[in-house]
Amino acid sequence: MPRRTYRLLIDCPDRPGIIAATTGFVRDHAGNILEADQHSDPNVGRFAMRLEIDPEGFELDESSFAGAWRAIADEYDMTWALRSGEAPRRVAIFVGPETHCVSDLLWRVRTGELDADVAMVVSNHDGARASAEPLGFPFVHAPVTPETKGDQEQQVLELLDGAGVELVVLARYMQILSPAFVAHYPSRIINIHHSFLPAFAGARPYHQAFERGVKLIGATSHYVSAELDDGPIIAQDTAAVTHRDRIEDLVRKGRDLERTVLARAVRLHVEDRIIVRGRRTVVFE
Amino acid sequence: MPRRTYRLLIDCPDRPGIIAATTGFVRDHAGNILEADQHSDPNVGRFAMRLEIDPEGFELDESSFAGAWRAIADEYDMTWALRSGEAPRRVAIFVGPETHCVSDLLWRVRTGELDADVAMVVSNHDGARASAEPLGFPFVHAPVTPETKGDQEQQVLELLDGAGVELVVLARYMQILSPAFVAHYPSRIINIHHSFLPAFAGARPYHQAFERGVKLIGATSHYVSAELDDGPIIAQDTAAVTHRDRIEDLVRKGRDLERTVLARAVRLHVEDRIIVRGRRTVVFE
Amino acid sequence: MPRRTYRLLIDCPDRPGIIAATTGFVRDHAGNILEADQHSDPNVGRFAMRLEIDPEGFELDESSFAGAWRAIADEYDMTWALRSGEAPRRVAIFVGPETHCVSDLLWRVRTGELDADVAMVVSNHDGARASAEPLGFPFVHAPVTPETKGDQEQQVLELLDGAGVELVVLARYMQILSPAFVAHYPSRIINIHHSFLPAFAGARPYHQAFERGVKLIGATSHYVSAELDDGPIIAQDTAAVTHRDRIEDLVRKGRDLERTVLARAVRLHVEDRIIVRGRRTVVFE
Amino acid sequence: MPRRTYRLLIDCPDRPGIIAATTGFVRDHAGNILEADQHSDPNVGRFAMRLEIDPEGFELDESSFAGAWRAIADEYDMTWALRSGEAPRRVAIFVGPETHCVSDLLWRVRTGELDADVAMVVSNHDGARASAEPLGFPFVHAPVTPETKGDQEQQVLELLDGAGVELVVLARYMQILSPAFVAHYPSRIINIHHSFLPAFAGARPYHQAFERGVKLIGATSHYVSAELDDGPIIAQDTAAVTHRDRIEDLVRKGRDLERTVLARAVRLHVEDRIIVRGRRTVVFE
């Protein structure tokens, strides 16, 4: 079972005393720090911190925290977020014809490895229904054509809003979301791209990799931004290939990469371990 | 000590009977096959093979082989090469201000791990002399400016020709060779690029990688072709990095990648394990 | 879809002419070799070969092959096997309370990635039924106690024989099979052990790994032999861990290793890519 | 160039307020924390922390620190150490007939990648002299026989003491140090063992690995303790091998593992990133 904890994420200009001020604040409100992680980036002069605080005995809760915390946050010019892990993240998983990633995610959710509450699985392919409904997850068939794309996205957005979805996971969705849709979930849409980005962005990356004759294939999980395949990277991995591997072998080997890399990125997000800074991520693992 | 063997490399259209014809030929001339490796590529309809033949008892040598072999080679429309491993490859190593790759290669040559005869180490930086001469390897200081580049290359080419150099290794040379120079050594110049190509081709790949926020860095060893950083890839590897790694950490971690990847590519070449097909390589490892 | 091919596996004393004789035989019977792989082991003086032959046009089939082949097999003192890939392997998967490996295997079978015909899933835990039956795979609940073990094994063996099972996969079965059961399936029972064998053989390997403070965990897939966790190894992999990883984190990270390593071993077996030699395996990959 | 910083290592029972007390102390003495890392281990109920403090402006130095710090250290029952990185560690490297590890370490020292001051290279093989003296490192030839072992160790110990050596690195020394010698440098002797410990402890691990038919080889760097190959592990890595790899190939592939794993362990030690707890290490990387 995942731990029920408060997670405090801080991003601010780097200067002396931040850790002392923050951890002193927690102590003064009877909080016990279970995990702490910091990062000073001299290149940009910024400081980042993640605290995991035991709710047991802590005198503040999500609503009272902001008021008590304001003085320190202002003094150090912090961007910050406190999240209680009491309720798991509400997640929607979008999927296309390939279901290995969604199957893997749902398996991890069911075993408790991934602390997420899957509100729905959405697909433009009705065939994906079989990967969700028999396991007890709601499925939404949302067919799309170039003509209906705007309407489809609007309807899906309403469904997501209605269900309180906080995170959208594109588990090989194969549709490009409109800028409006993306803007609705800033740093809250995670995609898996089946290459080691920035190599082989765009369509058919395994074909591109085969043509180029690379000796490794890769997978990249990243937040979706306005620019295609260009959002902040969360996790990547590679696997060796040889001249013997045909394109279908790259696809087969790639599936194992894709599902582990995507699952890792989603886990990092739902455990509040990621701070986004421009095109880079700070990942407290 | 490396084995002294004949290595036969074959590339031809794929059709039945090639292996039987070739291995039958070897048997009929009292040859013993020590290692055999084949590859049929259905995508391009071509067949590749590498045979390693024990010189002990084999009735043919490098000069008599071609005459005896012609009938089969013609029948199957083969591109082929036979090389005796009796004399190690004559190699020139080009190096810039960073000497980790050349030091690593020379160490492997001295221990016998790399079966090469280093004719000379060439650098436009006289500081590289200290990595070669104390270990007994000839060093050539060949300074270069934009104005003198043509002349410098011409002089170096003459030195290489005079020394019977068969393979040029660019061990972080940091100079772009002219098309004329490259054409002089087709598929016989090996470069190490400090990124996972095709990502981050060109200058300052670690800076590019840092800016993009990737979670892995890479190194790529490839044959040099007319197009910069676009030649056939021989070997690649990656290593994990995090937000904690500054550019200098990427450089440090990258050095270990670069030297192992380059050493691997050079070893594959001097052991006659590579067939080049357009932008792809068949590597019999 | 997997290729329907003949796979010929040969193991014999090493001497000149084997490849020529074998490939000449195939050619003389109008066979086209799709894939060929050889290995000479100078340490033991033995030669191993795998040929994949296109059934299209080949004049021999499984029944006529042995008669035609006998002369060569005898001349070279070969141990050999020919298998038509026309019918996929009949496989039984044994599983205990942990279902990640069986789920992964069944998923790969359903997508066609693993060319196997799952005759049944067997478990001493009825809870495993949910991982098999909803996907259309027969499930056998075979409870076991120390007292009933002999009987249970006997009943299961009869079921396996009746179903024509050729390969037993222990997908985290957690029961030690009797020597009699093991002897019934020589080199045809594949186990996954959740450590890098020979380290941490026996019970609770993640606990052992934690106590020892290793910095990598591993998984090993091997054929089951009379000696516990000592059979010939087929595939292994490792993953990095740190002091931050609690035992439950080792278990979580280990699950991903276990399922990919086991799936790889099963794939190699059903594609007839493995020759067993004492405690070692030759794996033509 | 390595950063000149104070490194504070703390190990104590886990309870609320430690981070606040410690970082508050640093702030109150005008110190700026450059890097901070913590670890709470619920299994053993202990807390570990590493702080890197900018010497610029910090009001305490190594001699005045202890007095000011005592109150907090006592309150939380801390085991602690403060070390100024002003002077690099004094290191002795012991080596046997194989010189790849010592060559690699000395190369990293010369390039500044490894912040160490090599007081001497010690070997029972005079042939190792060539790996040290030409590069300007003092070499001590200390031949040893079973009869002279006690005397040899005594003489070497006196040399080390005289030279102020703080860390002994066994870079493939191949001699077992006596318990008395080991006791002289508790957690200050680092060894590289050429296997993935605890597999293949003792002599000739590559031969053992070959016999067992493993599909990965490994290397392990650990502190030397009274029990052979059983000390706390600092770093490990593995590399894939196949049936094609003869013992000499394992040795060749292993060399690359050994030198990177040992270099990593030594770097972690000289940067004061390791806390030893029984047979486990906390490594703040």
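As written, the chains take the letters A, B, C and D, and residue 1 is the first residue of each chain.
As a working rule, a contact is a pair of C-beta atoms (placed from the backbone, for glycine too) under 8 Å apart; a residue touches a chain by one contact, two chains touch by 3 or more.
Worth saying up front: this structure is predicted, and the values here are computed from it rather than measured.
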| item | value |
| --- | --- |
| Chain of greatest Cα-centre distance to subunit B | A |
| Copy pair subunit A, subunit B: interface residue numbering same or different (half cut) | same |
| Interchain centroid distance [CA atoms averaged], subunit B/subunit C, Å | 37 |
| Separation of subunit A from subunit B, taking each centre as the mean of its C-alpha atoms, in whole Å | 41 |
| Per-residue overlap in subunit A, given as positions that touch at least 2 other chains | none |
| Footprint of subunit B on subunit C - complex, ascending | 16-17, 19-20, 23-24, 26-27, 30-38, 40 |
| Residues on subunit A engaged by subunit C in the complex (per definition of touch) | 100, 103, 107, 111, 113, 134, 252, 255-256, 260 |
| Partner subunit A, residues of subunit B touching it in the complex | 39, 41-43, 196-200, 211-216, 218, 232-238, 242-244, 246-247, 279-283, 285 |
